[in-house]
Amino acid sequence: MILRAGYFLKRALRNMRQSPVLSLASIGTVAVALALLAFFAIAVLNVQQLTKSWGENLAVVAYLDDVPDEKTIDGWVKHIEGYPEVATVTFVSRQAAFERFRKRLGDDSDLVEGLGPDILPASLEITLQEDWRNESALATVVDRLRKDHRFGDLQYGQGWLEKLEAFLLLLRVSGSALGGFLVFAALVIVANTIKLTLYARQDELEAMTMVGGTSLFIKLPYLVEGALQGFMGGLTALGLSFLVFQVILQKSLGSLLLITGIDTIHFLPPIWQGMLVVGGGLIGLLGSLFALRKFVRFGAS
Amino acid sequence: MILRAGYFLKRALRNMRQSPVLSLASIGTVAVALALLAFFAIAVLNVQQLTKSWGENLAVVAYLDDVPDEKTIDGWVKHIEGYPEVATVTFVSRQAAFERFRKRLGDDSDLVEGLGPDILPASLEITLQEDWRNESALATVVDRLRKDHRFGDLQYGQGWLEKLEAFLLLLRVSGSALGGFLVFAALVIVANTIKLTLYARQDELEAMTMVGGTSLFIKLPYLVEGALQGFMGGLTALGLSFLVFQVILQKSLGSLLLITGIDTIHFLPPIWQGMLVVGGGLIGLLGSLFALRKFVRFGAS
Amino acid sequence: MIQLFNVCKAYQRDQNALNDITLNIDKGEFVYLTGPSGAGKSTLLKLLYCAERPTRGQILVNGRNITRFGPSRIPYLRRNLGIIFQDFKLLTRRTVYENVAFPLEIQGRKRFEISKKVYHTLKSVGLEHRLNHHPLQLSGGEQQRVAVARALVVDPLILLADEPTGNLDPEVTLDIMELFKIANARGTTIVMATHDRSLIHQFPRRVVSLEAGSLATDDLPLFRGQPGTTGHF
Amino acid sequence: MIQLFNVCKAYQRDQNALNDITLNIDKGEFVYLTGPSGAGKSTLLKLLYCAERPTRGQILVNGRNITRFGPSRIPYLRRNLGIIFQDFKLLTRRTVYENVAFPLEIQGRKRFEISKKVYHTLKSVGLEHRLNHHPLQLSGGEQQRVAVARALVVDPLILLADEPTGNLDPEVTLDIMELFKIANARGTTIVMATHDRSLIHQFPRRVVSLEAGSLATDDLPLFRGQPGTTGHF
């Protein structure tokens, strides 16, 4: 059987050449279904990137009632940076805080004119490491700081963090729901398409069972054909989505994207590209396998 | 021919009953493709709703250096409300402005403690009508107010508006690109599916041409069948997306949505629902029409 | 009724399936078409119902030159013909009744007229008890008789029968031949391809024989045994 | 070699296509199966290659009870059979060569052995010049001969032929019969359904005839004309 792998591959290729309409129809269907998946993946990926950069803003601010000398501050910074959850610690002086406040007020900044920089306290701004950006890690850090007594006045955006977490969860849940449905849809559509191509060939399948072909011998070329078609569909989808990415997303929408603050958008990483193509082949294989159950019968019902 | 519409409908229904595999395959494919479209439409619709509510915040603020008596203010409000672009005009007193400012500072609100409400000026807040929420209409209104001399100190979020506009345009462009591709994909897939069902029946089609059937007579039942299948696929898609909407989006994600600030999400409006079903029928009809060209031949090549 | 002038048909470049055939069949004639397997009998019939186009030459059917008929006129030609195909070409997803009724439905006949004619014709080929079966549920000979019934049900101007008795036993063959004779007596021109020599002996009629695509003999029954020329008319 | 015990087959409830058939065919026998159209000849053959199951009774082929054979054993049964189907069942998307080679490929024969055997067999049915044609490009008789070649190419233990000469002219029919006789002489058991009485006259062998699903006569050639009983053995 192993020696005859070439036979089944050759048969599969010949089958495809002999009925180009059927082959093109199923390749096209797989391609379109997978291209949709690819677009969706690109969107999810880039939104994730965006939310990740939002998450970087996640910080604890420790207000300092009195401003100690630089050496002491350096010591505190080092100490806090030693916490496992903490990524960076930045000292913000009274002056810097006042400047930032004025900027934040924007057009209303004339309101604080005449007030001195000493109305705002200095602070240490602490950001968390990527893996620890969640409510409970934040609570741990805040607790530890509070025990330290030196940092009484702690500010951390509870409500805001909760919102961000909920939003990310929403994105993830609805994203994987839609993605799952897309994969399912692609599978149903491809399996249907292959079922229909076999429907068109049921006379042939019947004739083969009648002259002594075993189930496996008859099915293998169609399985190989299904896998090949799926594979080609996957390749086409990859090419198609890359083209659309290049022409529409990068070129035409590039300037718009810049304005909205998203600086670059990324194409699928190589592993995902591979998965798309291999996944296409797999879908084709499963589709054929599923459809063949119905069509290879040996008479005697 | 008109009298025989019943004949063609009956034939189409009988065809579908006789090969349930084919019928279910194409109905299923149409349903899945259109359900994807429906989900997409729901997403677009709700994002639009969201951006619309953002747009409502779009306003011009005219600061009043002196606060005149109520009657004068009422006169001004009436006058500005007379501008064609303007939707609402609201007077914000010094007290109200200060309250709002304090809220806006949030956790930093202790910073303005001890300051009196007179540090902020009173203002008129002017929102624009939906059709006029764009940069140029805003410029017109601002110009006119400026000529009035009574309102010297005008504030309007130029940069922010530009960003919002770009974002909306981005949404609209990429949305219609993806939507267009989805419609195209659904059409390709459905046409392919119907082509394959006809491929499975080409012996039948040939036999019919051989005993004197005219092109129209042979094609009509298949056209009706395609339209019916598309129609049923559309109905299934509608049901499916409504179910998913109810169970997943409204129930499971409801609380998450509330947290992120989106209060309600909407299902497709009735007109879109109708379009989905009718569109399904149309896709089926076009798909058959397209596929039949290839399969109804009269020999003599 | 049927005239062929120097008709050639080549499916492939250098192989003529039919070679310079000139033939005249009058209205009401009954002509056997014989010849060894692969001689071109089915090809000749296919040319007459426009399933193939001649490579060269002209064909007139019922006074019309059908050589260049397009897809809009072919159906109307075929409605005047009763055709029995060598491979039957039945509609496998329809019942026997629906198969035989189909050519009448195409012509837009009234429902009750259709059912009467279909039943009558199926009875004449001995299949009135198989009305609601599907073709694949029938024996080979029964399928062939359905094909015969479908061709005869329209009272065709011309009957083109391609080995209509190949799957039938001798008794049923005689019944079918009787039906053909009745149709012939009513004015239907009949061209029947057959291998069955005993049939030709029992019902002697004009015999046109092909050999490797060329007209070999054309014998009227009166002159049987004495080879005629192509232009017997 | 083939034994049937009280075999019944009913496609539908109350209609028996075969009725209590008991029959014994020895190794190396040549048996004609006759009977009117719809008598049950094809059904009997279908039972022998497991395309249908008997409603009642037992069937032994080559000593094995095939009555309850499942999908895993049926292919191996069929490899020992050469089957000529009434409707040919050729693979329309493969060439003549590939069609005839297919049963050998299934058996996993060597490439050069396959090509030699296929060519030889196609030549014996007179189709060596049609090697690369597709079945739909052949005449009816040529298709039938491809089916014959495909059945004979495997040197089958048993040849089941369902009207293998229905589309053939008398000369080619004789050629095919010669091939059957050669195979028979080599030890192949042959069961051939046919309507062709002149053939039975020319090559007298045992004749089993069915009538409406029941065994009507079972005559050895020596006793022709004298109706035998079912149990001639």
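For the reader, a short list of remarks on this structure follows.
Labels for the chains are A, B, C and D, by order of writing; each one numbers its residues from 1.
Heads up, the rule we're going with is that a residue touches a chain if its C-beta (ideal position, glycine included) is under 8 Å from a C-beta of that chain, and two chains touch if they have at least 3 such contacts.
Being a predicted model, the structure only gives us computed values, none of them experimental.
Steps from chain A to chain C, taking the shortest chain of touch contacts, total 2. Distances between chain centres, each the mean of the C-alpha atoms, put B farthest from chain D. With centres defined as mean CA coordinates, chain D is found 29 Å away from chain C. In whole angstrom, the spacing between the mean C-alpha positions of chain A and chain B is 24. If you average the CA atoms of chain A and of chain D, the two centres end up 62 Å from each other.
In chain D, there is no position where the chain touches two or more neighbouring chains simultaneously. In chain B, no residue touches at least two other chains.
The touch graph of these protein chains is a ring, one cycle where each chain has exactly two neighbours.
Interface note: chains touch in the pairs A-B, A-D, B-C, C-D. On chain A, the positions that touch chain D within their shared complex are 4, 7, 15, 18-19, 201, 203-204, 206-215, 217, 297-301. On the side of chain B, the complex with chain A involves touching residues 21-22, 25-26, 28-29, 32-33, 35-36, 39, 101, 107-108, 111, 119-120, 155, 162-163, 166-167, 169-170, 173-174, 177-178, 181-182, 185, 188-189, 192-193, 195-197, 199-200, 202, 244, 248-249, 252-253, 256-257, 259-261, 294. Residues of chain D that touch chain C in their complex: 11, 34-38, 41-43, 86-87, 137-142, 145, 162-163, 166-172, 195, 197-198. Interface of chain D with chain A (complex): residues 46, 49-53, 69, 71-72, 74-79, 81, 83, 85, 89-93, 102-103, 105-108, 150.
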